[in-house]
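Contents: one structure, followed by commentary.
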Amino acid sequence: MLLGVMATLAIPQWVDDFALIQITIYVVMAILAISQAFIWGFSGILCFGQATFFGLGAYTYALAVVNMGESTLPVLLAIALPGMFAVLLGYFMFYGRLSDVYMGVITLTVSLIFFSSVNSTAGPEWRIGNAPLGGFNGIPAIPSINFPGNPEDPLDAVTFFYLCAFSLIAIYGGLRWLISSRIGHVIVAIKENEQRATLLGFDARAFKLFAFTVGGCIAGLSGCFFANWGSFTSPTVFSLGQSAQIIVWVIVGGLGTLVGPIIGCMAIQWLTTQIGTQQTFNSNLVLGVILVVFVLLVPKGIIPSLGDVLQKLFGKKVAKGEDA
Amino acid sequence: MDLALIVSVQVLYAIATLVIISSGLAVIFGMMRVINLAHGEFLMLGAYSAIFATKAGVNIWVAMLVVAPICVGLFGIVVERLIIRHLYGRMVDTMLATWGLSLLCVGLVTSLIGNTTSGVSTPEGSFSIGAYSVSLYTMALIVIAVLLLLAIRWVLRSTDWGLIARGTMQNPGMADVLGISPTRVYSITFAVGAALSGLAGGLLAPVSGVVPTMGGSFIAKAFITVIGGGSSILAGTVSASALFGLINQLATFITTPVFGEVALFIAAVVMLRMLPQGITGRFFKGSL
Amino acid sequence: MSTVPLIETRNLNMRFGGVHATRDVNFKLSDGELRCIIGPNGAGKSTFFKQLTGQLRPTSGQVLFRGQDITGCQPHVPARLGIGIKTQVPSLFNGLSVWENVWLSACRVYPKAKALEVTRDTLERVGLTNLQKSTAGMLAHGQRQWVELAVVIAADPGLILLDEPAAGMSDQEVRRTADLILEINKSHALIVVEHDMSFIRMIAKMVTVFHQGAILTEDLPDAVMNNPTVRQVYLGKKAA
């Protein structure tokens, strides 16, 4: 974590604004990655539609800030609304004791439903307050986050970077703390053996709902930052491709760690940008191949596998600091 | 009176569509308890097969009913051998791998064909009910859906292979002991499921724009129908399609097709809260 | 001194489709009592346990714990009320250490500092202190049974249900388990399901015999062993 803080402070000194903006999006997506890492790797919740909360965060911020003019409340709403939806969806899934397979499908389908619903709202009759939903055109010219209370003072590129990066660090730290707390231990135990946890008196449904909501809120914040970053949002935030990417980040980085998916996210983001510059390989194709290859051959992901390799080479326990 | 008839036809059509697009998925789910996330792409491949066959001069009905299923069925065999076989028992991993496969297919087809919409026109003909006209193709699909269900029922109930498949579904270990290789059964089933999905794609090619990403628009409904239906292939598909098709169509009449789908989904989620194993987890238990 | 039974079932019935797994079972256990339940395979013993812990909802009838109706409640509730169960197949947090397994049980009941103390004491009581850092999934079967025992007693439940605690153990391990159970019985009530007759003899004061989902008889161990109906049920008509 200390490394992270130091890196955050150092980066703007070395790179120009343009590169900083590129790095910022990596950081924003890393926040999304960490939300999935937490709910899947530590809570054992199979959510194939984390893009739902990402998209809800982006749209909530966009619609709220266009209507309100000042950004502080919209940011809070962008965290709260996805959270509330997570509670609602989570209630139906966990209190119905849905199996893993069903849960994966339902969460995936939710994101698809949002995608097609929002996509169809292109007409001018679709608006919330002053803000048109825009349908497949998206919502352009979204006002940026400003210093609290002062709408005339939006954040510049460097400050925005600091906001995103320190948020990532804070969230990482917060999750680490949560995992090591009593609640965190119970959540991990439920993932390990739900029956045993229940027989010890823990209501697994409530704990899973809690974890799922935390994940939803974090993803919502990421969405809010995303809408800010591009001053634009469109239904693709809810898309199948977006959910798939998040899954790939975690699989590649390592299910069961927090750092792994962050690295996986940045690596894949970099890769997709590179692919975008050439014509031969389509990014879907590459992502698909990566996913299949990793599931078949490197199921643990990069970070844990690296840890294993290092352990074999050096024969002693490598202090990963990221034990699930 | 005419309106009532038209509405009934539309409802039946909605149900028939659900049956057609879900049957392949239901077969694989019923057998392996896995949701094949590449289902939409099997559909897409079927649609493209039908289009290419038609453009090459094959009769459209043959293209849809023969070429599409065979092509995708063969593809299914390849997929099963390369990917699915290595992940037996690992349900989540199978879902992940099929998701990767889905991305792969979309990417591959987009690279080869590009993003333009292809199409093939509906076989001609319509007839009137009062002031409204109904396309013959709509009726054809309804009939095909029924025939499909009957065919599946016949295979499962009355053929040797169907019996073997059902036995393996219920108890793979026992099947093994009896000299039936569950792996072989699974690979045939996966291929059949793929073929059915290809058939669906072929049948829907005339009524929807065919793009590499078309899978995405069908999978939501297909997934919901299959898991809402539960583990019984036939009873599940029929009951879920009937229920959700009705809700979808009614909601579509009141609002828009998109919100019709939303209504379908909400109905499914609420239903799953009460029947977490799907309809056939509680009713018609143990039926086909 | 309370005369309300610790746990009681009234006309408990459980049907699975065509199978009548529990038939009109009226069972009573007093505070501090140790009862053994025996019966041939398929007699419905584990099914009976599951209805006590909320894992199964009875088709009809009632389960009362300290007079409170807990029939068909959510499965985490009986544990909170004071019922602990060691399941037939050891159910542990396999990826976690022995210490963490026991601690999780204790931490639900006790505040932080006390939970650590209780964990330490429980591990000592069961004799697992030297194994506390081992990963639970890596231990031998007998040791896993003891870990689960430790996990259950760490929460200090008023009633402990043990489903085949001596299964798969060597003679020495069986002896140790029996001693443990007797020691635990000094402060907790227990219901033990077992097949091993010699083990039953080591611990039992009263034995309930289940057969085809119903209670066949309830008596002292020796009386039960010599009961001709019991022998018939276990050994078949010829040996009776």
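Letters are used for the chains, namely A, B and C, taken in the order the chains are written, and counting of residues starts over at 1 for each.
Rule of thumb we're sticking to: a residue touches a chain if its C-beta (ideal position, glycine included) is under 8 Å from a C-beta of that chain, and two chains touch if they have at least 3 such contacts.
It should be emphasised that the depicted structure is a prediction, and the values quoted were computed from it without experimental measurement.
Note on connectivity: the fewest chain-to-chain touch steps from subunit B to subunit C number 2.
Seen from the Cα centre of subunit B, the chain whose own Cα centre is farthest off is C. Look at where the CA atoms of subunit B average out and do the same for subunit C: the two points lie 48 Å apart. Each chain gets one centre point, the mean of its Cα atoms, and the points for subunit A and subunit C are 44 Å apart. Taking each chain's centre as the average of its CA atoms, subunit A and subunit B sit 32 Å apart.
Those residues of subunit A that touch subunit C in the shared complex are 182, 185-186, 188-189, 192-193, 195-204, 324.
Contact residues of subunit B toward subunit A in the complex are 33-35, 37, 83, 86-87, 91-93, 95-97, 99-108, 110-111, 216-217, 219-220, 223-224, 227, 256, 258-259, 261-262, 265, 268-270, 272-274, 276. Within the complex formed with subunit A, the residues of subunit C that make contact are 53, 55, 74-77, 79-80, 84-85, 87, 91-96, 100, 103-105, 107-109, 112, 151, 155. Listing the residues of subunit A that touch subunit B in their complex gives 46, 48, 89, 92, 95-102, 104-106, 108-110, 112-113, 115-117, 119-120, 240-241, 244, 247, 251, 280-293, 295-296, 299.
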